[in-house]
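Okay, so here's the structure we're looking at.
Note that the chains take the letters A, B, C and D in the order they are written out, and that residue 1 is the start of every chain.
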Amino acid sequence: MPSPPWFYSGDLLTVEYRTDPARVADLLPAPLSLAEEDPGAVAMIWADWQSCSSSRKELLDPVQSQYKEAFVVVRCSYKGQTFSRCVFIWVDKDFAIGRGLHQGYPKKLGSMWQTRPHAFPQASPSIAPGGMFGASLAAGDRRLADAVVTLREESPTNGFVNANKMAHHRVFPNIDGPGDAFSELISSGAAEFEGGQAWTGDAELNLYDSPNEELTSLPVQEVIGGYFQQIGVKWNGGTSLERLDG
Amino acid sequence: MPSPPWFYSGDLLTVEYRTDPARVADLLPAPLSLAEEDPGAVAMIWADWQSCSSSRKELLDPVQSQYKEAFVVVRCSYKGQTFSRCVFIWVDKDFAIGRGLHQGYPKKLGSMWQTRPHAFPQASPSIAPGGMFGASLAAGDRRLADAVVTLREESPTNGFVNANKMAHHRVFPNIDGPGDAFSELISSGAAEFEGGQAWTGDAELNLYDSPNEELTSLPVQEVIGGYFQQIGVKWNGGTSLERLDG
Amino acid sequence: MPSPPWFYSGDLLTVEYRTDPARVADLLPAPLSLAEEDPGAVAMIWADWQSCSSSRKELLDPVQSQYKEAFVVVRCSYKGQTFSRCVFIWVDKDFAIGRGLHQGYPKKLGSMWQTRPHAFPQASPSIAPGGMFGASLAAGDRRLADAVVTLREESPTNGFVNANKMAHHRVFPNIDGPGDAFSELISSGAAEFEGGQAWTGDAELNLYDSPNEELTSLPVQEVIGGYFQQIGVKWNGGTSLERLDG
Amino acid sequence: MPSPPWFYSGDLLTVEYRTDPARVADLLPAPLSLAEEDPGAVAMIWADWQSCSSSRKELLDPVQSQYKEAFVVVRCSYKGQTFSRCVFIWVDKDFAIGRGLHQGYPKKLGSMWQTRPHAFPQASPSIAPGGMFGASLAAGDRRLADAVVTLREESPTNGFVNANKMAHHRVFPNIDGPGDAFSELISSGAAEFEGGQAWTGDAELNLYDSPNEELTSLPVQEVIGGYFQQIGVKWNGGTSLERLDG
C-alpha cells in the first residue's frame, strides 16, 4: 500500500441525531470523556469515494480507487479539547481497511449504497430543494441501517459532529494472552479540504438490530438534520497524543 | 420486476475500433448481414448507471438502482437498414440481467469499474482537455479488458457504432433437444434521450484471452477514438421484426 | 454456455412447512391448480453445489463450477398429475441463472450460506444425531430467511414437497406491450439421481419481510420437519407440456 | 471479534515449488535470514474453511463462519531455529482479516476457489488416485494464480514448507511520519491439530503478473509436488519473540 498522502474526491450524505449520552460514554475508552456540549450528538455518514495516492495511478484502474463507506461519529473530550471520533465503520475495499488501520478507524467490511446526483434527472435527484437521496448499509447479509434525506436549502455547514479533528486508538492485543502489546491515542484531520455548497434537509434514519453488530447501541432519540456535500480531501498523517500501553 | 418504461442516468466511456469484418460476420446470425459501410467497426462501452421504474422508488434504496455494465456493439444490416447490435455484455446486478432478457441483451455477470468525474479534482479527472478516464472488465475472476481514454476536445457525437436502433434476438431453446422453441428478431431504441456535451480523445484498449469468453474474437486492429458523455434515457419497449422459429 | 446434460454434486438442507393453501394457489398460474393432498405444503431448500457440463472442465476452474442457491417449492396439479414447482429461487452465479432460464426457474441473485459437514469437528457439525446445520438467504442487502436444522435420526426420504417432477413456465413478454410473445409449460426432472442417507430433525425457519420480495407471501403456519441429504444428479432436458401463447 | 481460541475445519490444497533463494531472502526482514536447508522452497496453499470461536455460534449463521484463503509460505531462520512464514495472503471475509492482524498475517482481500471432494462423483473428484483438484486466486479483478493437482498416492506428509511454527511481524507505522510506532516478531502454531490422510500427486501452478501484487516475485523454477489434506485446528495465541521498535 502506498504511503500517505492519500487523496479523496467524494460525496457525503449525513444524518445527525441525538442519543442518550450514557450510550456514547460507553463507547469512549480512557482517557476520553464525553464532550461538554451536546454530548449525545451522533452523525451517521455515507461516503462514495474516489481515492488515490500521490502517483494518481489508481485513478486509471478504478477498481483500486473507488470505494464506499458508512460510519458513525461521536464527539469526545481529551485534555479539555473536543475531538470527533469514529466508533463504527464499514467499507467495501481492502485498501480502505488498510488505510483505516493506519488512521485508527475500526473498519469492517459492509455493503453500502447511496443515491448519486447526476447531470440528467431521468433516474437521479438534483442537488436542489426537494432532491431525495437514499442510503443503506448491510453487513453479514443483514441490513443494519437505511436513510432518506430530502434537501430543503443551502446550509452554512455539513453538520457539526464530524467537524473536529479525530481522536482514535490504535491497538495490538498481546499475542500471548489478555492485554495490549501496543495502544496509542492519535489525532488526525484533513491536511487539505475543499467543499462544495452544503445542503440540509429533513432526514429519516432507521437502525436495525443484528446479533453481530453494536450499531443499535446508539438509538435515534431525535433527528437533528440531514446534509449533503461534495468534497475533496488530502490526508497526510497525524499526531500521537499518548501511549497507553506499558 | 416492474414493467417498462425504465429510466437511466449515467456516464458512458466508449472506445471505438476496427476489427476484421469477417469476425463481425461470424457473430451475426441470419437474417442479419454485415453493415455496408465500415463493417468492421466495433464499440466497447462502459456505462455507470442509476436506473429506476416509473415509481422512482428504486432511487431511494439505491442497491436496487445503481449498476455498471460493459458491452460490445457492432453494426449490421437487416432488409437494407443499418442497426446496432450488442454482441457481448456484462452487468453487475440481477435486475439488469432481467431487463436485458426482455430487450434481447445476452447479459452475463461481470465486474466493471470506470473512473468518475467529480466536482473536486483531488482524486478525479476533469471533463476537460487532458482528463484521463480508465475502465476495466472482469468475469470468472479474469480480467477481460481495460482501457484508458484521454480527453482532447469536444465532439459532435459520442461515436457512431452504437448510434442506430438495436437489432437483437430473443431465444428459448427447446426443452427436449436441439433447436429453438422460440426465436424472434426485435428492434428497440431510446424512447427519450438527453445527452450532455460529448468529448473525444485518444484511447488505449486491451482485450485479454479467457477460456470462457469470446471477447478476443473481435481483436483491435485500429483504434478509431475514445469518447465520454453523460446521458439520460427512457426505454419503453420496441418492435418485433420477425419470428424465426417454426 | 454448454448444452445439457448438466451434472451436480451437492448438499441439500430442507425445511418443510405448511402455509395457507390459498397463498399457494395465488402463485399457480393457469392451467395449474392446487395439489389434492396437503396443498399448503412448502419446502424451503438450501443447496451447496458443484456442477459441470459433460466436458467436466469446469471442475478444474471451480469459479465456473461452484454455486449456492436457496429456493421455495410447492406442489400443484396439472391434468390430474401432481408436480413440484419452484416459485422463488436465488442463486449466486450467472451460469446458474442461465441454466435456470432454460429450465424455467425464475432465478434471481442472492447471497446464501449453509453449514457444511466436514471430516473434522473442530468447526463443523457431524451428520449424526444432534448435528446442527444453519442457513441464511439475503438479497438486496436484506436478510430474507434463515433456518437451523438439528438432526435427530435417519429418514427414509428427504421430504415430499420437492419429490415430484417440476412443472415450470417459460415466458417471454411481448417487446411492444402487455402480453406474452411466448409462454410454455414444461416439465423436467433428474435424468439420473444418487442420494446418500437422508436425515431428519427439528427445524426453525424465519422468513423476513422485504419491500422487494414475495417470500413472506407463504408464511410458516406449522413446521413439518428438517432434512439433510447429499446427492449427485444429472439433468438432461424435459418435456413441453403445453404452449400457452397465441 | 471474539477472542481466541479460534477453531477451524477445512481442506488444504498445496503446491510446493522451488524459486531462487535470493528472491525469498528479499522478503525476509531483519532479524530473519534464509533457512539453511532448501532455502528456495515455497508453498502456495489454498484453504476452504469453516471456523468459529468457543461459543460455536458462528456455525449456525455460516456467513460468519465460512471463508476461503490462498497464501504463500516460505521458511526462514531465527536464532538458529527454522520457522515457516506467510509472505502473501488473500482471504474473502473481514473476520479473517481481523484474526490475521492479531496473528501477523498480511491479509488482503481476494477471490479464491478450490475444487471440493464430495460423496457423489457426478460433479466432483474423489480423494483417490487420479482425483483432480483445481484452484484459482484473483485480486483487483485480475487472476493472480491457478493450479491443478492430480492425486497419485497417499503421502506421509502434507508437504514440509508450512510444517514449522510461523514467525510473523506485527507492525504499526508511525502516525506522524516514516518508521514504526510498534514492531514485534511473534511466533505461533496450532494449539491442537488433527489431520486426515494426506495425498500427494502431480501439480501445475501458474502465477500471473499484476501491477499491484508481488506474487510473481517468487517465480516457479521447479515444482516439488502437490498435496491435499483435510484438517481440524485449534489456534490459541503465540509467543512474542522480540520487540523491534525503539
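The rule we apply is simple: a residue touches a chain if its C-beta (ideal position, glycine included) is under 8 Å from a C-beta of that chain, and two chains touch if they have at least 3 such contacts.
In this text the structure is predicted, and so the values were computed from the model without any measurement.
Contact with both chain C and chain D is made by A, B. A rotation of 180 degrees, rounded to the nearest 5, superposes the Cα atoms of chain B on chain C. Averaging C-alpha coordinates per chain and comparing to chain C, the farthest chain turns out to be A. For the pair chain B and chain C, the distance between C-alpha centroids works out to 33 Å.
With centres defined as mean CA coordinates, chain D is found 40 Å away from chain B. The centroid of the Cα atoms in chain A and the matching centroid in chain B are 36 Å apart. Listed for chain D are residues 61, 63, 111, 113, 136, 141, each touching two or more other chains.
Contacts from chain B toward chain D in the complex involve residues 111, 113, 136, 138, 141-143. Residues of chain A that touch chain B in their complex: 7-10, 49-52, 56, 59-63, 65-66, 111, 113-116, 118-125, 132, 134-136, 146, 148, 192, 194, 196, 230-234. On the side of chain C, the complex with chain B involves touching residues 3, 61, 63-64, 93-94, 97-98, 101-104, 108-109, 140-141, 170, 172-178, 181-182, 184, 186, 188, 211-212, 237-240.
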